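Shared chain: chain A. Partners: chain B in the first complex, chain C in the second.
Moving on, here comes the complex of A and B:
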């Protein structure tokens, strides 16, 4: 009887010696994430003009790029040159825009603005540091020869691209 | 001018873009003769976007013919916060020309509340 009890107790201790090891694995890989930080709104300072400039009553859209590894990607941001939605327009619309670095997560990213390349309505930045960069995209549209925009909703499309280098 | 809309919506809601990995994919010979393939992973973190277009380009962003698994088109449906593995197939004769494999968010025309940010992420074949 004593032997049986001893065996039972031993079995409990033996089984208690097992421990669960739960592994956590992770894989850090290069990637790029684009986030809309601030929603953009067109202001209408004059009848013939729509502008995202805050002094014109607009809100400048801001897009954030997060890159996990330095020098893997370049950012290509294109400001709109047409409306994706608007009332019927029977005259030409002249679009203009500007992309600038608004904020950076580390000081060395401040060189991005001076090193940017602009062509047509696109602006290219080499993302040479890991971290976050906020880009402000200004957009402006002028209708005809000082013609008043018809009433309605106007939408346009920003293209934000992250291209591996 | 009474009902003139003073403001026009440019971007409406905060959203994030999608993730497209790996950054540097490699094409390998597929089980189909004369076809090379690579596997890409798309993670959709955009609540306003359910469809993505896959694109394959050479070094000058000229399009290259390709096919993807499970579809007749180059558009895939990925729900919010879901991941989809996409196999991209190109003719072996063209595989050496492939430089960029991209995914681009598709915004529905009738979408009223979506952010009008088109995001495109391109991986580079090395």
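Moving on, here comes the complex of A and C:
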């Protein structure tokens, strides 16, 4: 009986009240845009080596960060440590890489290189200036102990992130 | 002077980029960089260079173009301060508000301090109206456009007209005769003005367009019995039909008429012969 009464009261209460949900919408445009400037190509200077170094016949990939708000973002770039596509490999592959500031739109961005932080295969840059910064990412892979890579297509991925501080 | 209307279309802009102005030197002449197109406007400067320097030293690099129309000023100037930082490659894109070509003076990359600029590249983006390149008269927006004018010759002064001069000369030569004609015509007109014109008076009776004064004059003339009564008789508005009719379409020859004609011919011949007979009798 109590339960019924409660239900009735509750129903009356609900029907007598009026509530409305008012939406709030906001769009935040990204103040940090990442653009692939140059796609990389692996060169194959030796049978056991793949390299993006132009001296090895490769093309160094370049990524550009456009930041409209200074000191709000940091760039996190990770060079690959595995192939995303490759023939079947039955031996270990040793990956190596390096991220450097290739070009800047403001001279003071040249300090980014000396202030970068490296850990594992990742490199972080504090984007303390608004403008564009080009980062070059070198990637190199050695197969086994001077073992020839099997023929086929090899692909790997660089991860470039813009992280709000 | 008459100005004719002129229709034109929107500018037909072509956008292009120059070559590397600093390819051979860090000082360049713009006439060797931009084509000499009428109405060319620069809308952007892209430059890139690499600095080779000690991070501890001071170095300021300036990329600039002199203002050709204002001595001592620059139409474009960008300064990069590399002091206390390591060298690197810098790349900039500087938009320009469609600055006319004639303002772009000599360009240069200057270095203040210790360090070197290598691998410099300065590229200008520009636009021009394709129609203006062909001819400034193709569009009123083109520099150097001159509003076309059509010069219509002023009317010739009759005094200077040779034909009119001849007419005047002839008129002077015949002046006496013409004056006599004018005098005679004037006298005749005065006489005519004194005569009542019966046609006008009759016209008054047939129109109501005349005023009251004319109507009174008309009535007075009727009372004076100047106008024949038959002029005032109105003809009935009717149609007069044909009353004669022929019984048939064939008309027989009139014998009486032929006889009369023959007898007249005989009489004519007798009269002609008679003159000869009279001559013989003499």
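Just so we're on the same page, the second predicted complex is superposed on the first by the 135 of 165 C-alpha atoms of A that agree within 3 Å, B and C clash if a C-alpha of one lies under 4 Å from a C-alpha of the other, contacts with A are read in each partner's own complex, and residues count from 1 in each chain.
Going forward, a residue touches a chain if its C-beta (ideal position, glycine included) is under 8 Å from a C-beta of that chain, and two chains touch if they have at least 3 such contacts.
All values derive from a computational prediction rather than experimental measurement.
If you put the two complexes together on chain A, you find that chain B and chain C both fit without a clash. Residue contacts after overlaying the shared chain place A:134 against chain C, while chain B stays out of touching range. Comparing chain B with chain C, the partner in contact with more residues of chain A is B.
Contacts of A:111 after superposition on the shared chain: chain C is touched, whereas chain B is not.
Using the contact criterion defined above for the overlaid structures, shared-chain residue A:98 touches neither chain B nor chain C, since it reaches no partner. Of the two partner chains placed by superposition, A:56 touches none, neither chain B nor chain C. In the superposed pair of complexes, A:126 makes contact with neither chain B nor chain C.
The overlay of the two complexes leaves chain B and chain C separated by a minimum Cα distance of 18 Å. Across the superposed pair, chain B and chain C touch chain A at no common residue.
Across the complex, chain B is touched by residues 29-44, 47, 50, 52, 57-59, 61, 63, 72-73, 84, 139, 148, 151-165 of chain A.
Taken in their complex, chain A has these residues touching chain C: 101-111, 113-114, 132, 134.
Of all residues in chain B, those touching chain A in their complex are 1, 3-17, 19-24, 45, 100, 107, 115-124. Within the complex, the chain C residues that touch chain A are 48, 51, 55, 61, 80-82, 85-92.
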